[in-house]
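Below you'll find a set of structures to go through.
Common to both upcoming complexes is subunit A, partnered first by subunit B, then by subunit C.
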Partner chain A sequence: MKKIMNSASTYVDDVLAGLVLAHPRLALGGSANRVVHRAGGARKGKVGITSGGGSGHLPLFTGYVGQGMLDSCSIGNVFEGPNVESCIDAIKIADGGAGVLRLYGNYGGDRMNFDMAGEFLEGEIETTTVLGTDDVASASPDEGKKRRGVAGIIYAYKIAGAKAEEGADLSAVTATAAKAVAATKTIGLALSPCQVPGSAKPTFEIAADEFELGMGIHGEPGLWRSKLKPADEIVDDMLSRLLEERPAGHGGRVSVLVNSLGATPLEELLIMYRRVAAKLRETGIDIVQPLVGHYATSMEMAGASISLCFLDEELEHLLSAPSGSPFWEVK
Partner chain B sequence: MTGITVHTIRNAVEIANTRMATLEEELNRADSQLGDGDTGVMLSRVLGKFSETDISTSPDVGGALQMLARAAAATTGSSLGTLFMTALLAIGKKTKGMASVPWSDLSDLLQAALEAMIQRGGASLGDKTVLDAIHAVAMATQGVDDQAHIATKASHAADQALISFQGKPCKIGRARMFADKSIGIDDPGMLGFVRLVNALAAGR
Partner chain C sequence: MKKIMNSASTYVDDVLAGLVLAHPRLALGGSANRVVHRAGGARKGKVGITSGGGSGHLPLFTGYVGQGMLDSCSIGNVFEGPNVESCIDAIKIADGGAGVLRLYGNYGGDRMNFDMAGEFLEGEIETTTVLGTDDVASASPDEGKKRRGVAGIIYAYKIAGAKAEEGADLSAVTATAAKAVAATKTIGLALSPCQVPGSAKPTFEIAADEFELGMGIHGEPGLWRSKLKPADEIVDDMLSRLLEERPAGHGGRVSVLVNSLGATPLEELLIMYRRVAAKLRETGIDIVQPLVGHYATSMEMAGASISLCFLDEELEHLLSAPSGSPFWEVK
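For the complex of A and B:
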């Protein structure tokens, strides 16, 4: 597979160098330059929020560092979690003296590394953890804690970030982040794979006329595979699975994210969004702040995901608060 | 009889690092069956970093292992790498202040590493991971106090573990999602451990 790069071994560092040059509000730090953080550093007295994950998903994760969002983000090699040292660095950089929330996707390696980092810093910095678990295809609702974190985690970044910006303490920011995670559900579909730089083959194989519903952002197997269907039919299936998990007593307002996994163009996302909007209207649900574009990708994988964030008054208020990350700005 | 010293660890690192020259590709191939094919690259990177780490300044075995754990912490973020680091920290804690560790302690030290890895990673024995091979070696070396016998028994037990788990499904991690496909193939982490134990046993 053709890629524009210098070498597989410099791929991530070259990307990060470009990222901070293109977005001067971001800076690189940590002992191995694998932490992206707000250029101004941590704000004294504010709860810090840090995240992390493997490279290959931009704008996730590092692209959401900024005012009202993340304070820092440790980044690993492509599809490989950040190492413990980078997690430690990211927590330290995010710390403004009021504790740090570790907010990241539910993946084994990331969990182990952030847990170890927290243990190394015990007695030095107070930390809490909230895991992104929005992918409804990755486990059944009664095993919700086993679900993976995918595109929907950006709602937790935004909402928890706004809460921290308001001056809430660590326990309140943590509770709000957990509430945002619980309110957000995502399902994805894949059309074609990506290839990790330096790897000899793609992450998975799929026939040219097939798609897979529920596939994860690293090619984890989904729910089923079939011949490609019309967009409206696919969206209806995805949406019905998300609406099955609508919280009891939900007031009827959602934010919708229709996200490209990389190669799928905006045109196709808008075809999907058109159907999502129509179906939600039919169901009596109002859409607030729709997001359509590239928010969490899997390099050049073709496919898309739909996320619904079921809002209440507090979540909607925090969602609309100003934020200044390079890839999600609210004014 | 000489026990395990900083010098022993240094030699082991060199043997393992040299073995990676040919093992890297084999592990990448094994990992690419159900994973992203980078186990060999990762292990090579970690052992290369170990080789560059000067542990001779440590007066005791525990300190040397902690230095290696810190080197791993800065080198990899993969689950296997982090478990490796967890094992080093667990053994390092037990051997802190000991300039020489009796070979008869090796089984208990492996058991301590195993417990720490289970706690950290959440896998259980029988899930078809590196833990099963470590467990087999810990059991086989229990009560043995000389290096030569430990080498023979460890190598044999590691081989047997690999063979006995080949026909079983993987029950944890990404490979568990392909449980049926995991039957008949080696877990890359277990394969790496077994090949390195074989190399250490032969090169002692």
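For the complex of A and C:
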């Protein structure tokens, strides 16, 4: 697969340099220049929220740094978690004296490094952890804590970010982030792989007329593979798996995210969204603040994911609060 | 190439249905439901602006309907211009009694149908025409009127839209649109083709290690084909071609659009933008309101374009005026 790049070894640093040039509200810091943070720095007295992960998923994760969302984000090489040093830097940069929530996707390497960073800062900065676990295809409901984090984590960024902006303390922001994660379910489908810069091969192989339901964003195995089907049929299957996880007594308002993994165009996301909207209406569910576009990608991978965030009054209020990140702005 | 769709024959109508469901400020109208317009309808006394073109380029063209931009947009099948009837409908819907500017890309089929629509409405609605001709690779500077319109047309939408919103009359809005088109230059590069739904073959063929400079968004031949080169080298070539067209006496402020043709990820647009910003700084040019993302695509085609809009005081003022289209919002 063709890349517009200077070299595999400069890919990530060139991307980050471009990101902060294009978005002056973001700045680059940390000892290895692998932390993106709000240009103004931490806000004194506000709970900080930091995230992080591998590169190759823009606008995830760094594109959600901004007012009412993340304060900082540590970033690794493509599909590799940030190193401990960058996690430490990101926590320090996010700290405004009221503690820092580490809010990131449930992947082993990320977890190890964020945990070590928290231990390193023990006694200096109070930290808590919430892991994104929205991918319903990655483990069964009774093993929910084993699930991977994918596109739906942006709901937790938005909702916890708004809570912190309101002046809540660390334990309340942490509880709200956990509530947002628990309320958000995602399922993806893959059509074609991507290729890590410098790697000789694509991330996986798939026949020219096949798709895979539930495949992870790095090519982790999904639920099943099949010949391509009509979009409505695919969406119905995806939706029914998400609706199975609707919380008991849920009030009937959701936010929907239909997300491209990269090469799948907006046209096809809208074909999917049309069906999602029709089916949810049939089910008596109202859609609030839908998002359709490129929110969490794997470079040039073709495919898409659907996320539902099952709202209650508090979550809906926080979802609609102002936010000023470059890729999710609410005014 | 794999599509998430129900069938080739329903592709466009499914997309449009999804578009207006996801963006309630847009509505679908016209006798064949192929006109996207502002949900509130035309504003009495304001000059209307209509555009149109083939499907397959989202967010172009329909995604730029909204306050301070387009009033309506007629849309054809994938890579086919809107039919005369839809052009007539779109002009009528855009008409608030002060005349309607037809502002669209310079392609033969579109021109014929928009011209016939204007003639049909003669005596009823006053119309004028400005054609997008920003693609510098499609004809030499002395044949500027033969150039095709590509991504840069969104600057004309934004600038003429703001002028109309200020209450200017049809001739002033038309002159401003023409000025914005003249001030905007684009060059593209293609890495891989896309495929029209229902078609057996991709739009063109290109070797696995090649790219083509200046190729059009439907696969129209470009300037030259070569083995892939480092991004900075490619950007330098593209920029020097754009800067050759810098108007004499230009004051040194530009807006820059780095646009993905579809599959090329945000990462690689930012690698390009980093170089654009560095080179323009060297040249003593200041960047205003940069845009980096998916603004005018060809479905899953890989490639990118760079547009420069050479600003003067009036253009910069209109560029920063409020606008409320789903894919270019200024507050």
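FYI, the second predicted complex is superposed on the first by the 331 of 331 C-alpha atoms of A that agree within 3 Å, B and C clash if a C-alpha of one lies under 4 Å from a C-alpha of the other, contacts with A are read in each partner's own complex, and residues count from 1 in each chain.
Quick note on the criterion: contacts are C-beta pairs under 8 Å (C-beta built on N, C-alpha and C of every residue); 3 or more make two chains touch, one makes a residue touch a chain.
Note that this is a predicted model, so its numbers are computed, not measured.
By the touch criterion stated above, A:292 is placed in contact with subunit C alone, subunit B being left untouched.
Partner contacting the larger number of subunit A residues, of subunit B and subunit C: C. Legend: residue contacts after superposition of the two complexes on their common chain; A:31 is shown touching subunit B, with no touch to subunit C. Using the contact criterion defined above for the overlaid structures, shared-chain residue A:196 touches subunit B, although it does not reach subunit C. By the document's definition of touching, of the two partners only subunit C reaches A:231; subunit B does not.
Of the two partner chains placed by the overlay, neither subunit B nor subunit C lies in contact with A:146. Contacts of A:6 after superposition: subunit C is touched, whereas subunit B is not reached.
The touching residues of subunit B, when paired with subunit A in their complex, are 32, 36-38, 41-42, 70, 73-79, 81-83, 85-86, 120-122, 173-174, 177-178. Those residues of subunit C that touch subunit A in the complex are listed here as 2-7, 11, 14-19, 21-22, 55-56, 58-59, 63, 189, 191-192, 208-209, 211, 228, 230-232, 234, 262-274, 277, 290, 292-294, 297, 299-300, 302, 304, 331. Those residues of subunit A lying in contact with subunit B across their complex are 31-32, 54, 76-77, 79-86, 108-110, 112-113, 115-116, 196, 198-201, 203, 218, 220-221.
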